[in-house]
Amino acid sequence: MMEPIGKKRWAIAEGYIPPSSTGPHPQMTSHETVCLLNTGPNDAHVSITVFYVDRAPVGPYRLVVPSERTKHVRFNDLSDPAPIPSDKDFASLIESDVPIVVQHTRLDARQAENALLSTIAFAGNE
Amino acid sequence: MMEPIGKKRWAIAEGYIPPSSTGPHPQMTSHETVCLLNTGPNDAHVSITVFYVDRAPVGPYRLVVPSERTKHVRFNDLSDPAPIPSDKDFASLIESDVPIVVQHTRLDARQAENALLSTIAFAGNE
Amino acid sequence: MMEPIGKKRWAIAEGYIPPSSTGPHPQMTSHETVCLLNTGPNDAHVSITVFYVDRAPVGPYRLVVPSERTKHVRFNDLSDPAPIPSDKDFASLIESDVPIVVQHTRLDARQAENALLSTIAFAGNE
Amino acid sequence: MMEPIGKKRWAIAEGYIPPSSTGPHPQMTSHETVCLLNTGPNDAHVSITVFYVDRAPVGPYRLVVPSERTKHVRFNDLSDPAPIPSDKDFASLIESDVPIVVQHTRLDARQAENALLSTIAFAGNE
């Protein structure tokens, strides 16, 4: 049994769902993704809170990353308690009951040729 | 009340505002952005100092990120105490009185198709 | 003899091999790369474990990064114990017997113009 | 006098100078850049060592980042003790006598539309 790697609290300060796309769906649909990796022996119960510029945070969005699995979640697909509007700046806090690793990726397909960005999220101390 | 995540001092060594853009404004205007997230119960009073290659630092640029809000600031839009020239290398130091999370993103729209980069900034110890 | 820099355990939560490419091979073939740097006096024996969304992890993929050398490994090229399917989300855990530095890069050449992303991987405590 | 932010040892595992470019020079010349920020009261004396896949490291490349200045160095422009070949994988170790912040950026202009990547480098403990 390998020791799990990661932290329990993560933050992504950048967030933006482009309002349009060019190219075949779903691969080339503009999307903002949070990639979660759980290397440990227990399922990770994850809560995502979304922060906005000018209104109260929304959440938690709850999901499970099973033991020894990864899950790549498109912010576009989150709907409970509320969908995330496109073309609005947001940020997110990701909290888990067991250590996980979090990475942020965007595919921007507003123009004919796509653009990509990615970064490991910021890990809190816990 | 959740515990705030982040640090009080951050740095971004890369900085460059492309001198031109292609595509609809303002979404496709070339820009260099610093994304700030304040998950805590108190407003964050933030000071940004801009460093150059061959002249003294300029700042502080002051702004507030309210409690439980995010703010995505385009360096292009900073004007007090002085605008940041385009087509010049710069870097920045971001200091806050409460913990925040900082991420750096660029949209480069000089050519017909945009390009993106992003990284969590470097967090100091405090 | 300089002191080695790095950590022994790293994770990359994002992973995706685009299923197609445009442009000359091999430089413009879509690829997902893990870049390994070993600045130390001893060879690094590295094990990569690949995690999936809906099946058990696969690995270890074993490789050696010689003392004072770098190695940029395309996930596309890994074959033992099994190739990594394209167009499937994955994540990876990288473990070494000596300190190394790990960075993740993707060239996405599905469209006429390529897109790039990169981030230093997440370093565990060991 | 503000306290300097940063670390004295940094590493970048990814390195690659694209062999060709499209578009106006020098802005659109493909380049691999290391961005250095020195927020402190003393000049930073920086040594860069370049690591390769199949031959001994080359360096140090020496440069100075003055107090309270930034310097964005293109690997393409390094020549002493030896230029860095294009189209070859490399990695780099950056060492300074005072704390600095290091970020890695690439502009890839091999195709008609440019692509960008960036990440804060990996900081050692010192």
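So that you can tell them apart, the chains are marked A, B, C and D in the order they are listed, and the count of residues begins at 1 in each.
We adopt the following convention: a residue touches a chain if its C-beta (ideal position, glycine included) is under 8 Å from a C-beta of that chain, and two chains touch if they have at least 3 such contacts.
Computed from a prediction, not measured in an experiment: that's the story for all the values here.
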{"item": "Superposing rotation of subunit A relative to subunit C, computed on C-alpha atoms, to nearest 5°", "value": "90"}
{"item": "Furthest chain, CA centroid comparison against subunit B", "value": "C"}
{"item": "Copies subunit B and subunit D touch via same or different residues, half shared test", "value": "different"}
{"item": "Rounded Å distance, subunit A centre to subunit B centre (Cα mean)", "value": "21"}
{"item": "CA centroid of subunit A to CA centroid of subunit D, Å", "value": "30"}
{"item": "Touching two or more other chains - residues of subunit B", "value": "112-113, 115-120"}
{"item": "Footprint of subunit D on subunit B - complex, ascending", "value": "9-16, 49, 51-54, 56-57, 87, 89-91, 93, 104, 106, 108, 110-113, 115-122, 124"}
{"item": "Interface residues, subunit B side, partner subunit A - complex", "value": "2, 5-6, 23, 27-28, 33, 35-37, 39, 68-72, 101-103, 105, 112-120, 123"}
